[in-house]
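Each structure below appears as structure tokens.
The same subunit A turns up in both complexes below, where it pairs with subunit B and then with subunit C.
Showing the complex of A and B:
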């Protein structure tokens, strides 16, 4: 899965001084042989080409297409430029847009405020080596192994109004997926169900790596459990915290599969990603309009990416 | 490519492509491991061109990917081979994938003949020059009603489509439930409302209803529009020529609002299958849907399923128009084997092809009215009669208008209406504004 964030590269060991003063003349010592340099050049060039070709060019093309009304038919030369009309339409004339932005923010808030801390809490509990902790760990991690689309199907069986388990057990007839006031929360429970397991595993890995002497020192000083966690352990977990933060933001921005499986992101389940797909994929596509929505999403992502990079770079400089 | 099934096929494979004249497309398709299933024309695709004539084959792009329809297509193509001596290379693609890729498919190197739908979806590609004129084929077809001809006609008055099968939309019910309660088929909207009121008293949900997937409610909108404003208005409205803020459209929504309390509540969280099951379980009295509603019934219960066409609302308009989506065949803009492609199209529209379909597929109706339909079930016979007596056949909202308009504007709008049926003015003006930004060319 592409979920796992890359190991941070900002803690690299500084290279050994490449300059050795010899006598009166300063001479650069070649640390790299010719083969090494070719390898390094390739290692830089190939990923660079891939990133430019597969990420930056399409992103640039999306921004360009967002100023046209192309429908995917006909030669590129026939594409008509319409300027900012798509953006004007998105904002003024497209009822699902505002709910989509709200839902994306709600998604972020729910994962951030509820699911992530809960995952953290479970990790701390499991770290205590309770009896059967392996079992709990597996049970909680299980949803992460399933694809979100499959999770959509599983929860559909629980939430169906007429035939679902939830209504049958509670004796209610709530329209979990159909009532736009309820369905986003119902979906968030399903999405959170998966997210919690994921965060739990990340934290568990972090907690196992915490130096036990820190805990001992805290215990010797007579710190309470809570205090030890918040003032000793949590700060030590800083790298994990950043990863979890990023994962949470990514998860909420790319939220898509679940609502798509349920009702293609309509009727209370609008998300930016679903709107982009609705407009771009399929026959007689509104590529220009969909690209405008995609550009909005790109801008939103850039905000988070910038914040993340700024934090990481500042860290690296320290 | 599929495994060779006979020794002859295996030997035919041994001929190198350069000699056999295997076209680049199917070679690439085979190499890429896509479902370039050459079907019955396996040898044909590989070998028969070696003589250099190159005139014995025709390729068909098929979206009939489910086992049963796929088998029917293969049988029809067998029939074509027997009658014409030509080989058909069938290239089957998953149904939804075919639909989503149709733009790229038609602009790339499509098969000579491809399967598609009637209605705007057909006219759109015809107008864009991505399909060929089939008027001469139509001149040789017999057994096609005028309604089918009209549904196959492009904006320029020429035919671009050969219909093969279709299914009507109607109001379905269980005979046993109706007999038990003494219900009569309603002839007018007032009859229908009175009947629904009676059903409510009898503890039934009068009209089963579901719109989680967005499209089933289009059927309700369509039929009300056809009954209130007639076929031509439906076509013009779908083509973007009429205003959604007109009184005519508002009257459709207004009538629908009156009927909504008789529909199953909480429809936005329910799939059509679940709604159909409520009819099957005798919890609902009737259900407006396509003939495919029968899929939710056991074979033993199918005899208990019956239907009537949606009743008349305006006597001046009557109740003779209906939604009956038609599936069929079209020809690519520049087919490689044009003469053969025309022969194939003539064959798939013929009585012979229809007879093969009737004999092999019990779930569909064939377009050719000369076909031997003695193999039809009572329900199929009645459905065929209903469509045969229709004066006009609409194709369903999302086949009669631009697909981007149907999916990005109409689905959310109808769901909004079902949620909050009060604000018809706001709803129609929102649709109209969005329509203007989509129907620009």
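Showing the complex of A and C:
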């Protein structure tokens, strides 16, 4: 791989222009005919227009709208700039905000502290070329192909108060989806169920790429299995670790489908994503207010996206 | 040299990997993994089991019982929930969206991988990051935009981008492009440069280099991405929920939510509906499992 010219390779070694004036990048550019240049421009412009128009401009507009008092009715010219008032209102005068932040953090903690290590642990076990490993793997990542909305329904069969399996087996009478004290935990079990399989898959792919000589060297040094993993293998998996970290953060921030199918993110299941949606789609059309909530999500995610890009683009450069 | 060392390696390499006689640790490991695997499959198996039993039987004997086998739930669910129509809606959205995503993303990826412009890294970042943004953070302007953009009546009976298949296709394409650009550009960067030198000597235009040289070589990656994207766009719930109004036009994943009202007290029907919705993704998964898994890890292992 490393001997292939990547993007940066051309720039790192500029062609000796004086000796071979036709070498390197210059020659390639000159060989592009006018049609070719139009084709290249179109190949980039059309997708770019779509992504900028439907993702980046709206993202920017969200930030701008968060400083206004627009209610979505009336001409855009009437929009009044209110500065940080929406943010102040969100924090001070909006009861679901604090529970939503707590639930988002809880979501992150549950996926990060329980589901992710468990997925990694299973990947390490399954990396050992066991008999029947394929069956175990398939069973574990099967939930990944289901939509989160569907997962909400599947788990309802276990959680339902009168018809659910959990209450029937435990002899309890808990409304797992309805009781605001327990429903977030019930939902987290379902979300974790799916997340474990995904994480296992990512680590399994990472472990397959680890140089076997590292393990052999560790074995020669007499390192125990646990020591080998934590001191030799785990550090090598750094790019995967960062990707998993970012995926987990983003997934917990974007979590939406599961709580929306249960009760539209109310009554114990508040999440930032659901609050934004409630403020726009429902009866109440509080554009500026909803945008302030959305901007909070945007900023948090951009921090982690930057970390992610820095990692993957650096990897690609090697 | 290789002939001299090969036999030796053959002996030492398996020594570390040799399958030992069943040790207690191995047995414990298998028991543990089997338990986890069964536990993981259980909710899905339970849904299938529940869907195959009649409501009357389970209501009198409890869900933790055996008997009352029937296929009626599927028939009822299919009829009352009009699954046929909703599946068709999903097809209208998923098929064009996946094809467009792969086409547009491969164009960008080709340019990024083929030419060494300074802006390429920025371009790659712009596309990849777009895929990771929380959708809800874009909802407000997009919602307004979609309700303002008119479409001719033959394209959308709402005469707006809002509540039309076109709007959902576009938004899905815009969102999924990033992931595909990222994976495909990595894949294309690994193709040998000589190919293009040769193609240029033969006078191939940029388009031919893309369509007839690069794309055929990318077939494995495209297959993996197609499998993954079909699953993702079919499973997509949020955009369809907020950018659609007419219940009849909902794709099957988000129509589920409307169906729950009808099925509220009958878990056997809910499970039959869930199984029906899951079938397309499960079929893809079992038929194209290798592609699916490869697609998921393409984005990660070769960062």
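Note that in this section the second predicted complex is superposed on the first by the 238 of 318 C-alpha atoms of A that agree within 3 Å, B and C clash if a C-alpha of one lies under 4 Å from a C-alpha of the other, contacts with A are read in each partner's own complex, and residues count from 1 in each chain.
Here is the rule we use: contacts are C-beta pairs under 8 Å (C-beta built on N, C-alpha and C of every residue); 3 or more make two chains touch, one makes a residue touch a chain.
Given the structure is predicted, the values throughout are model-derived calculations rather than measurements.
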Message: Tell me the contact category for A:104 with respect to subunit B and subunit C: first, second, both or neither.
response: neither
Field: Of subunit B and subunit C, the chain that contacts the larger number of subunit A residues
entry: C
Message: For A:94 in the superposed arrangement: first (subunit B), second (subunit C), both or neither?
response: first
Message: Contacts for A:161 in the overlay, against subunit B (first) and subunit C (second): which applies, first, second, both or neither?
response: first
Message: After the superposition on A, what does A:281 contact: first (subunit B), second (subunit C), both or neither?
response: both
Query: After lining up the shared chain so the two structures overlap, which partner does A:116 touch, if you call subunit B first and subunit C second: first, second, both or neither?
result: neither
- prompt: So, A:73: does it touch subunit B (first), subunit C (second), both, or neither?
  reply: first
- prompt: Just subunit B (first), just subunit C (second), both, or neither: which does A:43 touch?
  reply: second
Query: So which positions on subunit A get touched by both subunit B and subunit C?
result: 72, 160, 163, 281
- request: Within their complex, state which residues of subunit A touch subunit B.
  value: 69, 71-74, 85, 89, 93-96, 159-163, 173, 175-180, 183, 262-264, 266-267, 278-279, 281-286, 289
Statement: subunit B residues touching subunit A in their complex are 99-100, 102-104, 107, 121, 124, 128, 130, 212-214, 265-270, 274, 277-278, 402-404, 407-408, 411-413, 415-416, 419, 430, 433-434, 437-438, 440
Field: Contact footprint of subunit C on subunit A as seen in their complex
entry: 1, 4-11, 25, 28, 31-33, 35-36, 39-40, 43-44, 46-48, 50-59, 61-62, 65, 72, 122, 125-126, 128-130, 132, 135-136, 138-150, 153-158, 160, 163-165, 168-169, 193, 196-198, 201-202, 204-206, 208-209, 215-216, 219, 239-240, 243, 246, 250, 253-254, 256-257, 260-261, 272-273, 276-277, 280-281, 287, 290-291, 294-295, 297-298, 301-302, 304-305, 308-309, 311-313, 315-316
- prompt: For the complex, which residues does subunit C have touching subunit A?
  reply: 16-17, 29-30, 32-34, 36-38, 40-41, 43-44, 46-47, 50, 58, 62-64, 104-105, 107-108, 110-113, 115-116, 118, 120-121, 123-130, 132-145, 170-171, 173-175, 177-178, 181-182, 186, 189-190, 192-193, 200, 205-207, 210, 231, 234-238, 241-242, 253-254, 256-257, 260, 267, 270-271, 273-274, 277-278, 281-282, 284-285, 289, 292-293, 296-297, 300-303
